[in-house]
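Below you'll find a set of structures to go through.
Look at the two complexes coming up: chain A is in both, with chain B in one and chain C in the other.
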Partner chain A sequence: MTHRIGVFICHCGINIAQNVDVEALTEYASHLDGVIVSKNYKYMCSDAGANVIKDAIKEHKLDRVVIASCSPRMHEHTFRDVVRDGGVNPYCLEIANIREQCSWAHTDKEQATEKAKALVRSAVAKAKLMEPLSTSTIPVIPEALVIGGGIAGIQASLDLANDGFKVYLVEREPTIGGRMAQLDKTFPTLDCASCILTPKMMEAANHANIELFTYADIAKIEGSIGNYTVQIKKKPRYVDIKKCTGCGDCAQACRLKGRVSNEFDLGLGKRGAAYLAFPQAVPLKYTIDSKHCLFLTRGKCGDTPACKEACLQQAINFDQKEEIITKKVGAIIVATGYDLLDPSAIYEYGYATSADVITSLEMERLISSSGPTKGEILRPSDQKKPKSITFILCVGSRDETQCTWCCRIGCMSALKHVYLLREKLGEDVEINVCYTDIRSYGKGYEEFYRKVRGLKTNMFRGRPSEVRNISGQLTLDIFDTMTSKLFEVTTDLVVLVPAIVPRFDATAFARILHLTQSGDGFLLEAHPKLRPMDTFVNGMFIAGCCQGPKDIQDTVSQASGAASRAAIILSKKELEIDPLIASVDEEICTGCGICIEVCPYDARSLNEKTRVALVNDALCAGCGGCIAACPSNASVHKNFTKKQILNMVDETL
Partner chain B sequence: MSIRDLTSMAEAQGLQRKEINERLKKLQNDVSDYCFQCAKCTSGCEAHKLLELEPHKIVALLKKGLIDELVNADIIWTCMSCLKCFERCPQNVAPVEILYALKNLAVANGKQIPGQYTAILQSVLSLGLIQDIQTMTTKENITIKRDDLGLPPLSKPVDSATFQTAIMKLALEKI
Partner chain C sequence: MTEEKKEHNKEEFEPRIVGFLCNWCSYAGADLAGTSRIQYPPNVRIIRVMCSGSVDSMYILRALLEGADGVFVGGCHPGDCHYLDGNYKARRRMVLLKTILETFGLESERVWIRWISASEGQRFAETMRDMTDSIRKLGPNPIAKQWNI
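This part shows the complex of A and B:
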């Protein structure tokens, strides 16, 4: 069957026309076999350009269209709509990329024109063999999964829940709240972190549309946009949360009370094996730490476990087992947060060897009124009030040997600490800040920095080379580039502001979700500017510090953005699926199953009766892995068949 | 053979100078551009407190292309090669490498090598060692000789003429 092909060449203003002779190309294309009409236009993607295509389709009864323009990544969607409106199947369109791959890449106009001819020639060759395809639809499950119960996850869950969608919020720790719950106050407004976070935590817990899974992990995720199946692994907390009233009798009774390091206070405080992370924890339910609990580790805790005896509600249940819960959702928001770099990586600052060298998050717990010292600033080694406190910024940040990136919150968090310490300790305490550059870029940040400069802070512009600990006395030398002088600072407490790093298990977790990571290990967004919350997996979105370091303001904005992106999917009854996916020639397929092994999306399976491999249209992403792997050429990619591609190659050579 | 041969450097300068210049240029472009002047190198510099060496300033001057000024400055000879700046620089700039290159360029330009350096070379040429350590003093301020500890005497080059030729050849090649 012969097709009636139309070729449309775009000038793209001068982007293409200055390096490709568009007129000559149009003339050349008109003589190609099968080409009925060949036209050019200044901006093919404009309304007028679309009319050129639509009119030509009608006038010449075209059934195949070739457009020579920019990359299909840019305008394939636009042109598919145009040819469909013109009356041609949208999948009978082939784009020859003569901008990114031709006019932008070359300087010699004559040669570039020759290359453009070859590209158009090969596109026409493919157009001859293209098949009309139709899209199919899948129903959308109007429920969402949010992974991570920090401020990002809470905000995203609340937005979606208020939009009317059911949300499953999964948190690894026994309580939601995340990093923000560990903070005392927030910069630059000095809002009390708990005061603004706790109401949101409560709202999330009590919302009719939100189901909370705390102390739970994601075991498995299958499926694709609109229809994901999620396995949530609930870890046993050995407390029946239906019975627990949060009275705390178990923690009081626990034989290990005050003997287990409290991770919420970063080891500065102690708890028991039965514990509540912090007083405002949500849900307000106690947890028994299976790593330390005497009964769980040794099988014996006195005659009867003390907590069990103390609990009037009989909520303690040592028979609890791990539980897998399966849920189906249409979209997923990942908000798993960050870790801080262990500053012992910068060994010269002595974090591992000096108790009085602490991190900024540890300082946060010391300042917090719910912290291990009830808000009193006491140095860890001797519990005495420090007379001098020195901050070292950029510890491991902007460092080619550790983390090349800026942590974006270090400067402001240190300035905030200076403010709060002055407030608490008055003028008695000497405060030194060693900074590389102060980055106060956000709304109100520069004003806050000015305020702190007025608080008699010794600012040293430079990085100390080492922190010395001589019989408990900390000293450091700092060369201040502002005065060109080397100062020796003798101090009682050194606060390191460490780099922000991806979660320790980010790589393994990304694998479970099929998400990609950027070079720094954070989760990769689909486009750094225009799709910052999207990922390369359709229906999965990212928010907060799992995508990269950011402050609370940006985190909340991104979380709301991600929720809104997810709602676009959830609000649809069904979704169209792109037909450019794998299919199987059932006559040839031997049922060897290699395609099933290579498929990263679990889209391939075997019909046991007919011994023929199947494709799940909803799951297939059209990556082509199975097509390359198929030993008998039975797996084919629709409109990227071997015949079509070889025809293109033949014409190009 | 004497030390003076090295410092006069009459022949083969052109080629060496070109090579060293290229090394410096490479350091200037590949390395010093990335320095953001945090001065962590100077904060820890062993030669700074007494001798006022400021490695971060050396890098900044190199970045501005003021090579001749640096080559003629006596300060470049104060570096003790402790390699702290190399170990701790957050931007992999390693001022010590730049100082090596500058010192080599200074020699290639005919600058006099400071006495301490030539003394070290003299010691290497005659003994094969940087220092001829025969005694040491303990924490308790007791002086002990090598023999007292049952250590063998320090070995000396067997064929001192060949050894010295080889060392000089190496020294010249390194420059």
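This part shows the complex of A and C:
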């Protein structure tokens, strides 16, 4: 059957027309085999341009459409809607990319026009073999999974829960709260972090629509948009959280009390094996640390484990096992946060060799009134008040040998520390700040910076080459590029502001979710400007620092945005699924099963009776891997068929 | 079409390259080269595929038989495949194909496989420049010559 093809060529203003002879191309296309009509227009994507296409479809009874314009990544969806409105199946459209891959890349008009002709010719060759496809629908499960219980995950969960959707919030630590819970105050308003975070943590824990899984990991995720199956692995905390009242008797009784370093305080404080990360933890349930607990590591803790004896509720249960819980959800929000670069990587700053070289997060715990020193600023080495404190910014950030990116919060967090230290220690302490540039870009940030500069702070623009530690005395040389002078600074405490890096297990985690990472290792958004919360996996969204460094304001905004994006899916009863997937020619299929092995999505299976391979439409992502692998050409990639591609190859040459 | 082919041979040798680019990385990288107005030789004709792992060896052989002087396959960086491991499949297939090409006496350097991410417009343009130069040095595809006789 011969098809009636229309070719529509866009000038894109002058973007295409300046380097491609659009008139010549239109004339050329009109003589191609199968082409009934060929037209050009200034802006095909405009309403008027759409009418040119729709009118031509009616007038010439077209059933296949080729549009030569910008990249299909740009306007394929727009044009599919146009041809559908015109009465042609939306999948009988092929786009020849003559802007991004032709007129913008080649300025020689003759060469660019020749290339455009080849691209149109091959698009027409493909269009001849296009088949009308229909989208099928799948039901949507109106429940969501949120991974990560920091401020991003909490905000996203609350938004979705308040929208009326059931949310499973999974956190790997024993408490939600994340990084924000470790902070003392927040810039630039100096709100107490706990005071604004704790109510949200409580709200999330008590919300009727939120089910909290703390001390749990994601073991496996299968399925696709609208219908994901999630396996949540609950780690044993050896405390029955239904019975635990949070009284703390177990922690008091623990034989290791005060002997295990507390990761929440970054090792500056001590806890026992039975512990609560911090007093405002949510849920307020204790955890037995299986790595340290005497009973769990050695099988013996006195005659009976002291915690078990102390717990009147009999909540301690050493028989708890790891548990896998399976849930079905329609959408997933990933908010797994960030790690700080370990400054030991920058050997010359002496983080690994001197106790008095600390990170900004450790300073946060020292300042915090709920921290290991109850808010007193004491040097870790001798527990004395420092007379001089020096901040080094951009430790590993904006550094080609470590992290090329800006951490976006380092400047402001250091300025905040300066302000809080002045408040706590008065005028007696000397404060030095070695910065690269002060980036105070947010609302109220520049004003805060000015305020801090008035606080007798020595600002040096430059990066020290090293921190020397001579029998406990810290000294550094700093060349100030503002005054072009070299200063030698002797100081009691050095605070490094390290780079923000992806979670240590970001790559393994991205694999579980089939998400992609950008070159820096953070999770990749679908479009940096227009789809910043979407990922390339439909139905999965990202929020907060797992996508890249950001402050709390931006994190919360992004989390609400991600929740709103997820709600668009969850509020639908059914979803259309893209029909550009695999299918099987049952006449040819020999049932060899190679397609089953190569499919990364478990979308292929074998009908044991007929010995013919099957495709699960909901699982198939349309990669085409099984098509190339099929030895008998029985696997077909809809509208990317082998015949179509070979036709394109023939015509492109 | 055949007329054009003859015309081509008369002129100074301009390599003809067919490029199979995956939708998610390399094709987007080629788009970015254009968006950033980075210039590269117009010798490459791009065919969009969903994944480099869907590029059948048959496509490449057909292109070479039909007169392409070079074939380019572009995929996502190892580990970054949008479909998890399609680029590894492509890589394995290309290694095998190259040995077959050598067996038939055709330079395997005519077939290139490279990883170009969506953010590497510059790299795409540079790769196209390198490939065009290198195929120009190799000279016309000998199979195509025989084909034309």
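What we mean here is this: the second predicted complex is superposed on the first by the 653 of 653 C-alpha atoms of A that agree within 3 Å, B and C clash if a C-alpha of one lies under 4 Å from a C-alpha of the other, contacts with A are read in each partner's own complex, and residues count from 1 in each chain.
Here, a contact is a pair of C-beta atoms (placed from the backbone, for glycine too) under 8 Å apart; a residue touches a chain by one contact, two chains touch by 3 or more.
Every value quoted in this text rests on a predicted model; they were computed, and no experiment measured them.
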* Asked: Which holds for A:Glu651: it touches chain B only (first), chain C only (second), both, or neither?
  -> second
* Between chain B and chain C, more extensive residue contact with chain A -> C
* Does the superposition put A:Glu348 against chain B (first), chain C (second), both, or neither? -> first
* Asked: If you stack the two complexes on chain A, which partner ends up touching A:Asp551: first (chain B), second (chain C), both, or neither?
  -> neither
* Of the two partner chains, chain B (first) and chain C (second), which one does A:Ser518 touch, if any: first, second, both, or neither? -> second
* Identify the partner contact of A:Ala628: answer first if only chain B is touched, second if only chain C is, both if each is, neither if none is. => second
* **First, second, both or neither for A:Gln111, with chain B first and chain C second** => second
* Which parts of chain A are touched by chain B and by chain C alike? -> none
* Report the residues of chain A in contact with chain C in the complex, numbered from low to high. => 71-74, 97, 99-108, 111-112, 114-115, 118-119, 122, 507, 511, 514, 516-519, 536, 580, 598, 600-601, 621-625, 627-629, 637, 640, 642, 645-646, 648-653
* Of all residues in chain C, those that touch chain A in their complex -> 1, 5, 16, 18, 23-24, 27-28, 30-35, 37-40, 42, 45-51, 53-59, 62-63, 66-68, 76, 79-80, 82-86, 89, 93, 117, 119, 125
* Over in the complex, which chain B residues touch chain A? Could you list them? => 34, 36-45, 48-49, 54, 56, 84, 88, 90-92
* Structure fact -> Per the touch rule above, chain A residues touching chain B in the complex are 348, 394, 398-402, 436-437, 461-466, 476-481, 484, 486
